[in-house]
Every structure is written in structure tokens, then in C-alpha cells.
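By letter and in written order, the chains are A, B and C; residue numbering begins at 1 in each of them.
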Amino acid sequence: MNQFLQQLVNGLSIGSIYALMAVGYSLVYSIMNFSNFAHGSVIMLGAYFGFFALTLAGLPFALAFFVAACCAAGVAVLLERLAYKPLRDRHAPFLYFIITAMGASIFIDNSVIATIGPTPKTFPSELLPSFLQSGAIRIGHVDVGRIDLAMFAITVVCLVALVLFIDFTRLGKAIQATAYNMKASALMGINPGFVIILVFAIGGALAGVAGVLYGMKYQVFPQMSAITLKSFIAAVFGGLGSLPGAMLGSLLLALIETFVSGYLSTQYRDLFSFIILIAMLVIRPSGIMGKTAEDKA
Amino acid sequence: MSAVLELKGLTKRFGGLAAVNDVSFAVREGGISGLIGPNGAGKTTIFNLITGVYKVSGGTIEFRGLPVQNKEPFQIAGLGITRTFQNIRLFKELSVFDNVLTACHASAKYGLAEAILRLPRFRREEKALHEKAASLLEIMGLQDRVDVTANNLPYGLQRRLEITRALALDPKLLLLDEPAAGMNPDETEQLMRLIAEVRSRFELSVLVIEHHMDLIMGVCEHIHVLSFGCTLADGTPDEVANDPKVVEAYLGAEEAKK
Amino acid sequence: MEYIQGIAILIGINLIAVLGLSILTGFTGLFSFGHGGFMAIGAYISAIVTARLHLPFALAIVAGAASAGLVSIFIGRLTLKLKGDYFCIATMGFGEAVRVILNNIDYVGGARGWESLPQLTSIWVVLGLDIAAVIVAWNLINSRHGRNMVAVREEELAAQMAGIDVYGHKMIALVVSAAMAGIAGALMANYIQFIRPTMFNMAKSTDLTIMVIFGGLGSISGSIVGTFLLVSLPELFRNFAQWRLVIYGLAVVVIMVGRPKGVMGGFELTPSGVRRSMAARRARLALEAEARALEREGAA
């Protein structure tokens, strides 16, 4: 029973990271109808920003998070303006966007390897807030890692803030309207260019937070961007373009992975996410919460 | 009078909204029919239903007596229904010639192996395809522009190219979605004559969606009027022009009273 | 001389995979993150056939190609009828899955890899297969099937309306590209004589795609040029190895934003290709001259 609860907690904390990544990706997808395959590099940069904010700049923990989120948001917006917007303006085919994303991703990842170096960095525990420093706290019969708890809490805060923003603010409603129909919203006076920047910024900020959390739980290294595959699978699982779907899919994916890893074998953990992907594509491609859409002529 | 296309009780729902609601009409064999109505009336949706882009929510579509609703788009094109699009969808980066040559593919029967090994059947049929494309382009007056990249063609010629491409499949029914969009009266006049000529020369039937009343009244023998997805009127151009419901929908209730 | 022959063989091996990927991405417009996985299948099957079953190399190559092709059919059936994003994600997952699976099969060496495979790939084998691959790719592209694939890339909806079985043609492109990647993998295994799952990860897949892009989407001669450049350049710039990928990544973005048709401009480096590009240019200039003449007339 103890092991089950441990695994549950572990799964929830990984699920939090996946959720932040998947929601950021899904948000951009719902507006732009395209997958930002450079998302992983933004996550990775977020981790590095956070790490250096903490170690080099000596900023307090919470501020380091904020800096990481802002810088990651900045990178995402820069990516949009320099790489994607020119293609959008030319009505370039879908394929060009993917290729450009791939190029940007390779550029960013290898720039980090060439400058900062490929060796992984660990968040020094002395610099973390004191309540995170000792390993675990006991809840009932279970040892719950403090970092895991913190990650879950931070994720919940971020996602709740996001939902409140989207459902209750004017800007949030503008995003919803644009996701539904960009042209019609433009006619209603909503500036689509602004909404696009906003959405990339939010997605980037979430990616930044996810990166820092991942870096805290594991390590910070340039190949981190590969983790983005999990977020894509989670988003497909929950339903591409649906934010609640991305959250649900991420949690379920992480839980399944953790239980497979805990009870079967760690080796096959990554294979399982692929199996889940295949299963979804066979049974219900639109995902758990997705809607089927039809092409317009 | 036999119908080449017959819609019976055609309905399409998106969520709770019925974009097309119980629409029925027929296109006579060899005839030119028009489909008109205000924006959002469901005209392009009907085209999408006929060509298999959308699945029907109810009703049937019969082409030369056979039900074709819910078939795959390429199958429907193979059966003899082709179309042009409201926003021109040419193969932009290909030349004028290649646009038509590609569409001629169904006139050849050689398989992958014959193509890769360059067997005689491939050579024969390829030559025939090239000749067919060239002759089509000549008939449609585009023979002097065959090397132009489709994207660089002037707007009017792009429309003409799209129609040429649609003809490459030897269709029996040609669907034209707002072919006169963006054209001035002279160009519209030319287009009208082109449509009539295409109908007789290629022995096919035409269904046109249009807003340009001159084109519709000038070239269609039968008109079906839609409004908010429902049938408003159906008949000859004169009947429709004098139908009070139609006048009201287009010009307002005041005009209808006159 | 040995050294140059070595590079030539590497160029030749990669060329086969690149030609396949060119058909899939350059001509049909589908993007795969996982062709390294198909190469891996070809490589490992070839290793098993030559090193464990001691059967002839030709059989190994065919088996490698067929296996990769079969697996691609499975992936294609699941994803080619859905939006493009699904295909991309599935190929990404596929590449990773192959790596994880191979890492855990001790029979083929697991994560440590498999050494001392028989050296069976000679320059003549590679040359022969290269010529065959170029001919197959060229003949495929210049047929109604190839034109249909290009139509799918250009305007999928219009292609449907023109009677083209979009799904069927995407599948042809996928299977052909997967089989060719499988052949390349088999040749690689029995040349380097050592295989390991990490050799075929996403970095390998993106490497191949970059070769297609540099040569220009939609050009076979471009793919040949791209492969030549990108396999030989790293050898010349060994000292700057770290920065090679940084420059490639930037170059890809610049190419896509500036000149997606790459080095060859979407045309072929053949007499007919040159003629066509000149004809297109002439036609465009003629059109512009006409437009100017009409304007002058109108003003007069």
C-alpha cells in the first residue's frame, strides 16, 4: 500500500511537469492550429534561465522562477516573430513551419551545448528555500518528497491562474474567441497579432516553469528538449487543442508511466507512452476530450 | 428530362446548427443550374456535401441514379463530379501545364511498377496524357501560358485554369463555386460564354454558385434559392426573379410589396 | 585514397535514405521525425541475417528494406488519414520506441551495441544501389504517381477533388521512403561493422531531413547535392564540430524563411530541368511585359 501511494505521488509530480508543458503546447495549437515543435527547446532554456538566476545572479528562489518564466516567454515570442510570422504572412504550407521549428530547435539546443557545455547541472540544494531542503515529509503512512509536493503545488497554482485568466478576463476571452475563429474575432476588433504574441508568451512562461521544475527534480542538460515528446503524447491523449484535455492527459500519462516503471520495469516506461499514443490513434484520435473537426473548403 | 444530380432532403448539422436543412432539387442532364442565396446560406456547404468533403446528416445525393453521399472525395471525382473553389486552389508552385497534366492522371492506367521500370505501356500512356493536357489547354485558350507558374497568372486566368483542371477528369457534372468573384462586367461576360461553350463542347452539366446576378440570369436555365440553409424558391430565372419571397430576401420587405 | 573512398561510401549510403526522405518530405510534403528508426530496423535485420544466420548480404538488404516497409505500413494506417501533426508526433514516438526496444534486446547487443559485424559493403555495392535508387526515385517522381504526390503536397483538398487518392499516395511515399531508409541502414551496419541504438536516434533523423532541405524540397538532384555537402563538410570542419549543428539549425530557419526551394530552387540539374526553369522565367517575364503594356494602353 505504501509503495502504491509513493508511486501515486511520484506520478502526480511528473504529471505536473507534463501538464505545464502540454498545456503550453496545446494553447498555441488551439490558436494557430499548428504544433510548435521547438517547444522543447524553450522548456530547456527555461531550466537554464532558472538555474543561472539562482546560482549566478543569486536571486531568491521565487524570483528565479519568475525570471525563468519571463525569459522563456521572451524566447517563445522571439521564435514566433522571427521564424513563424514570416511564414504565416506568406501563407506557407504547414510543412515549412515544422521544418523551421526543427531548425530553430537544433539551433537552440546546440548553441547551448557549444557555449555552456553538455554536462548536466544540478540545482544546489543550499540555494533552495529551507522547507524544500530536507527530503520528505510524512503524510499518514507515506513519505512524500517535499520537492514533489512543491512541484504539484506550483503547477496547480499556475494552471488555476491560467484558467481564471482565460475564463474571466477580457484578454482571456479574446484568446478564446480567436481560438474559435480568428477572422471573425478580428472583425470584432480583436487584434490577432497581439493574441498570437500573448499566447506564445503564456505557453513559453509555462514551459519555463516546467523546465525549472524538471531541472529541480532531475538535472538541467541540453538534451532536455526531448522531454517535449511526452507533452505531445499527453496532449494527443487528452485531445489536441483542449486545455483540460492536456491537463488530464498529462496526469494519466504520468501515472501510467510511473506505475509501469514501478511495478514492471523502468526500461519499458518510455515505450509505454508510445503504446498509449498508438492506442489513442487507433481507438479515438481526437483524444479523451477532443472534438472531431472537419476541414473547410 | 433526366436528372444528372438529385438532392433529396439533404441536411447537414454542425453541432446544433443546421447549415443545410432539408434541401431538395435536381440538375437536369446537360443543363446549367444556379445555386444562389445570401452569404452563409449554405451553398458551399452543399458543394462540400456533394463532393464528399462533409458527411451528410440526413437525406441523399444521387448522381446519375446512384447514391453518392458519404463517399470519399476522390471516388466522387472519379465518378464524374469535379469542382472549382471559392478561394482558388490551384497547385500554385506548378506550371499551368503541370496543373492540368496532373489532373489528367485518371486517363492513364499504368501502375507503379510500370512507371518505375519505364515499360512500353507507361511510355504510351504518358504521351497520351501530355497530348490530352496540351489539347485541353488549347481549347481553353491557355496554350500561350503553359510554362507560367500558376501563382503568377492574372486572376482571371487562374480561374480559367481551375476550370480547365476540373475538366481534365472528363466530368459529367461541373460544380463552379463563385467563378465570377472579383471580375468586372467584361470578364463576367466572357466567363458566361465560356461556361455555355464548355457545357456544349464537353457535353456536361453545370451547377454554379454565384452572387453576380448577371451571370446567373444570363446563363442558368434553372435556379435554386437558399436562405439560412432552407429552400426559398426553385424555378426558371423569370419565375425566381418575380418570386416575392426571393425579392424580399434580397431587397427587403419594402421592395417585395411593390 | 582509403579516406576518400570511406567518405564516398558514407555519402552513398546516406544518399539512399535521403532520396527516400526526399520523396516523402520534399515531394509529398510529409515530415518524419523518425526515419532513423527505419534505418535502425534495416541495420539490425541485416546484422541478424549476416552475422547470426550467415545468409547472403543481398538477402539481408532485401529483408531490411521489407521489414522497414512493413512497419511503416502500420504507422501509416494509423496516422495518414489524420491531420499532419499526428503523423509527426507518431514518427517522433516511433523513433524513440525503436531505440528503447533495441536497448532492451540482448540478442542484438542491447544498449552497448553489436560489434564485429561482417564487412560486406563495398564501394561497388553502394554505387550500384545508388544508381538504382536515383533511377527509381526519378522514375517515380516523373510519373502520374509522382505528380499526384506533388499535388498532395501543394493542395491536398484540390488534389482530392482532382480524383487523387491522397491517403494511398501518402502511403506509397511513406513505404518507399521507409524501405530506402532500411536499405541504407543495412549498408551502414555491414560497413561500419558496429551498430548501436543511439546511432539511429532523432539526431540521425533530423540530419537526413537537413540534407533534403539544403538541397531543396522537390528536387532529386538537390538531394544528391545536399547529401554530398552535409556528409563531406563535417569531415572538413572537424575542429568546429560543436558549431556545425548550430549553423545547420540557423541555416534551416533562414532557408525556410528565405528560399525554401534551397540550392536547386526546386528545379533539377538536368537538361530538361534547366529548360523548364528557363521557360518558367521567360513566361513570367512575358506576362509582366504584357501587364505593363496593358497599363500603358489604359493610360493612353
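To be clear about the criterion, a residue touches a chain if its C-beta (ideal position, glycine included) is under 8 Å from a C-beta of that chain, and two chains touch if they have at least 3 such contacts.
Computed from a prediction, not measured in an experiment: that's the story for all the values here.
> Return the chain label for which the distance between chain Cα mean and whole-protein Cα mean is smallest.
C
> With chain centres defined as mean CA positions, report which chain is farthest from subunit B.
A
> Counting only Cα atoms for the centres, state how far subunit A is from subunit C in Å.
Distance between chain centres: 30 Å.
> Please report how many Å separate the Cα centroid of subunit B from that of subunit C, as a whole number.
38
> Using the average of all C-alpha atoms in each chain as its centre, how far is it in Å between subunit A and subunit B?
So the centroids are 45 Å from each other.
> Which residues does subunit B have that touch at least 2 chains other than itself?
Residues 51, 53, 85 of subunit B touch two or more partner chains.
> Which subunit C residues reach two or more other chains?
154, 157
> I need the residues of subunit A touching at least two other chains; which ones are they?
295, 297
> Which residues of subunit B touch subunit C in their complex?
My answer: residues 51, 53, 72-74, 77-78, 82-83, 85, 89-95, 98, 101-106, 108, 110, 112, 115-118, 122, 126, 129, 145-149, 152-154, 165-166, 168-169.
> Which stretch or stretches of subunit C touch subunit B in the complex?
Listed in rising order, the residues of subunit C that touch subunit B are 136, 139-140, 143-148, 150-151, 154-155, 157-158, 160-166, 172, 218, 266, 276, 279-280, 282-284, 287, 291.
> Which of the residues in subunit C come into contact with subunit A in the complex?
25, 29-31, 33, 78-79, 82, 84-86, 88-90, 92-94, 96-97, 100-101, 103-104, 153-154, 157, 202, 206, 209-210, 213, 217, 242-243, 245-246, 248-253, 255-257, 260
> Could you please specify the touching residues of subunit A with respect to subunit C in the complex?
29, 34-35, 37, 82-83, 86-87, 92-96, 98-100, 102-111, 113-114, 226, 229, 232-233, 236, 240, 267-268, 270-271, 273-274, 277-278, 281-282, 285, 295, 297
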